[in-house]
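I am attaching a structure below and will ask some questions about it afterwards.
Chain lettering (A, B and C) follows the sequence in which the chains are written, and residue indices restart at 1 in each chain.
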Amino acid sequence: MADQRFVDAFSPGPRYRVKSWLPPIIAFLAVIAVWETAIRVFDVQAFVLPAPSVIVSRFFETSDVIWSAGLATLLEALGGLVLGTSLAVLVATMTVRWIPVREGLMPFAIAANSVPIIALAPIANGMFSITSPVPKMVVVGVVVFFPVMINTARGLLEVDPDELELMRSYAATQGEVMWKIRVPHALPFFFSALKVVSVLSIVFAIVAEYFGGPQDVLGQYILTKANLFVYPDAWAGILVASILGIALYGVVLVMERLVMPWHVSFRAADAS
Amino acid sequence: MSVVSARGVGKVFGRGEDQVEALRGIDLTIEPGEFISLIGPSGCGKSTLLRLIGDLTTPTSGELLINGKQPATARTDRDYGIVFQKATLLDWRTVQKNVELPLEIMGVEDRTGATRMLDLVQLGDFAGLYPWQLSGGMQQRVAIARALTFNPSLLLMDEPFGALDEMTREQMQQEVLRIWTETGTTVVFVTHSIPEAVFLSTRVVVLSPRPGRISGLIEVGLGHPRDEDTRESADYYDKVTEVREALRHQENGG
Amino acid sequence: MGRWERLGPRARQTISVIGVVLALIAVWETYKLIWSSLGWIRPVRPDDVVMPHVWDMVIELFRPVRRGGSLLIVDLFGRSLWTLREAIAGFLVGGLIGFGLGVWFVRSRLAERAFMPYVVASQTVPILAIAPMVVVWGGSVGLSQWMAVSVIAAYLTFFPVAINTLRGLRSPDPNSLELMRSYAAAPNDVLWKLQVPSALPYIFTALKVSATAAVVGALIGELPAGFQHGLGRALLTFSSQFAVQSKKLYATVIVCAAVGILFVGLISFAERRLVPQRGAKE
């Protein structure tokens, strides 16, 4: 009940979603322009925040290293996404069939959502081979699990009672109710969670890397460069992280569109 | 054989101190081809009676038979179609796919019934649209088409036009009468509008509140077809008055 | 079954949560038992270093951190206060900024048009990933280290609060607004008597999300910081000693979880006091 708008809190809503791509992009470009000019004109000391042009040139000069690090991190994030999402969907489905699972697990999941899960990162490093991507995948998986599970379960459970009665009037089986009513109803909930966690997966993979492990990953790259005060290189690494996050988000958007072309959030775009 | 036959049907919700008696001692027989309206003040259990007939809930006393069978059997045999106050169309299906839903579930390969019913409610041209692209009245017509697509012998309607504006409502009443005439389906119609009950029905069942009992059975006998002129006829006014009196009477009787 | 239902939702939830925690502990201990008796080491080695007994983690809390030092739980309590200070300071600043932006945007379409894109664009910066640089930057502009850490918490807090405040302030139905209009109410009356009360559930939802985020932000912000206080530093220190002192790390994680739950619990408590109908329902 309390976290009804849990995921909504992260996503600014349809008004800002499909229709108004442009203002954020313009805003972004404007920030870049102001930033660049400020550093050039006022000769701001480019200690932590180098000029965008410097970052971009380092981005291209070091592209071999940062992209291979980026791909290693992406692998961890994807592994965690697949792990966490599939487990979440499995458990969410169980909440529909078994009332004890629902009564027991949902309050637990909501409580677990308030735990800073990233604290598990050093433990995962200890439990699994620290040299492999597995501990990071596990951390990302746990981070992903709770929002996806809570949202999917909600979508599966909070179905219009009239629709259930309608299915009952057809003497439909449990399976048919699941596939024809609950699953389509849960898809928007599932995707809104997936959009949030797709971005989070990259961030949390990077943060998990701060707790140690292989060196050829984005988190270690950023940390090392920052410790050496080579900020343009560190920012180039962050640029890779942003690109990966936005790309994952984009993939989820496309999937969403393909899987549920009927959904409300696309209506405005379709009408115009 | 009667479509609906109720003997002393009662329904009690909850138990212990929270117990609420919704219906008591309902005796009612509905013959094939009738158009029956259930009318009464809110809380009189008219919707509950409809849901008992549809086996969406079960009676706590008495005997209820649908087409001579237990309600659960009738439901499994797909003897009735149902329309709610909300159209309850599935957002993710086109109009056509929504109407086909019961056929899909019943494993009927032949989907021509869906197209025929869409034509019957005059929405054949809208088959490819999604529900949100239709007006409220059109959505409700799709719901009616969906309820009839598998040719049930009984059509249950739970305040189906309650959410529509008055003009659309009158059009829909006309439409339902036409469909009823064309299909010969028996209709049980829940409403709280006296003119609507009189205009549509062959018989009006008046229910009293808490616990719901049948306090009056009024034969409408206006003849068919009914149209705009019917609404202005003296006989129609007399019947509306008769139903209103029946409702007021129980109020005074307490 | 009947007795279970008579317990009321809050009691049922508490029992459920405890039940699931106990079940997880049981799974942990059973795994340890079976895997060690069969000599299996995959996927996780069941020895006392990698998987200590749950009770040993708890007992560890009541042992000295180092010989002659204070108890671990006392040490971690001090660290929790440090981390909570960073989180709460950031949370308050971020929350106020978020609320202010929400109010400003609902008052002025122009402001919303002009600045909303920046608010949205701000979230494309993965703030947790640039924690190392934020901390250094904070130092360079003269913030003390803990304040620099709370900047991260503030950054994570303001966005959900701004978005949900705006949404909540817009949530009253048009009729209520017209009613206020018919009273010729001043904009401030409309805000405080109608819009803010209807926005409270939305704001609290965001605050609960933000509270966790603020704790995460504080923990991560501490990693590159120079000081030795805080739970984040403890995680880093004990994880480097995992092979010898794994129980300390586990104990620290338990405390981190408790801090997160405590913080969100406080917000929920405030919510129940300020938004009356919610708890009463159901």
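Of note:
Operating definition for what follows: a contact is a pair of C-beta atoms (placed from the backbone, for glycine too) under 8 Å apart; a residue touches a chain by one contact, two chains touch by 3 or more.
This one's a predicted model, so the numbers in the text were calculated from it and none came from an experiment.
Traced through touching neighbours, the fewest hops from chain B to chain C number 2.
Put simply, the chain nearest the middle, going by average C-alpha positions, is A. Farthest chain from chain C (centres taken as the mean of C-alpha atoms): B. Taking the mean of the C-alpha atoms as each chain's centre, chain B and chain C sit 52 Å apart.
As a whole-number value, the distance joining the C-alpha centres of chain A and chain B reads 48 Å.
With centres taken as mean Cα positions, chain C sits 18 Å from chain A.
Only residues 1-6, 8-10, 12-13, 16, 20, 23-24, 26-28, 31, 47-49, 103-108, 111, 113-123, 125-128, 199, 202-204, 206-207, 210-212, 218-219, 222-223, 226-227, 231, 234-235, 238, 241-242, 245-246 of chain A touch chain C when the two sit together in their complex. By the touch rule above, chain B contacts chain A in their complex via residues 51, 54-56, 75-76, 78, 80-82, 84, 86, 88, 90-93, 101-102, 104-106, 130, 132. Residue ranges on chain A touching chain B, taken from their complex, read 160, 162-163, 165-172, 176, 180-181, 184, 187, 260, 262-264, 267. Contact residues of chain C toward chain A in the complex are 12-14, 16-17, 19-21, 43-45, 49-51, 113, 116-118, 120-121, 124-126, 128-133, 136-137, 140, 159-160, 163-164, 167, 202, 204-206, 208-212, 215-216, 219-220, 223-224, 231, 235-236, 238-240, 242, 246, 249-250, 252-253, 256-257, 259-261, 263-265, 268, 271, 278, 282.
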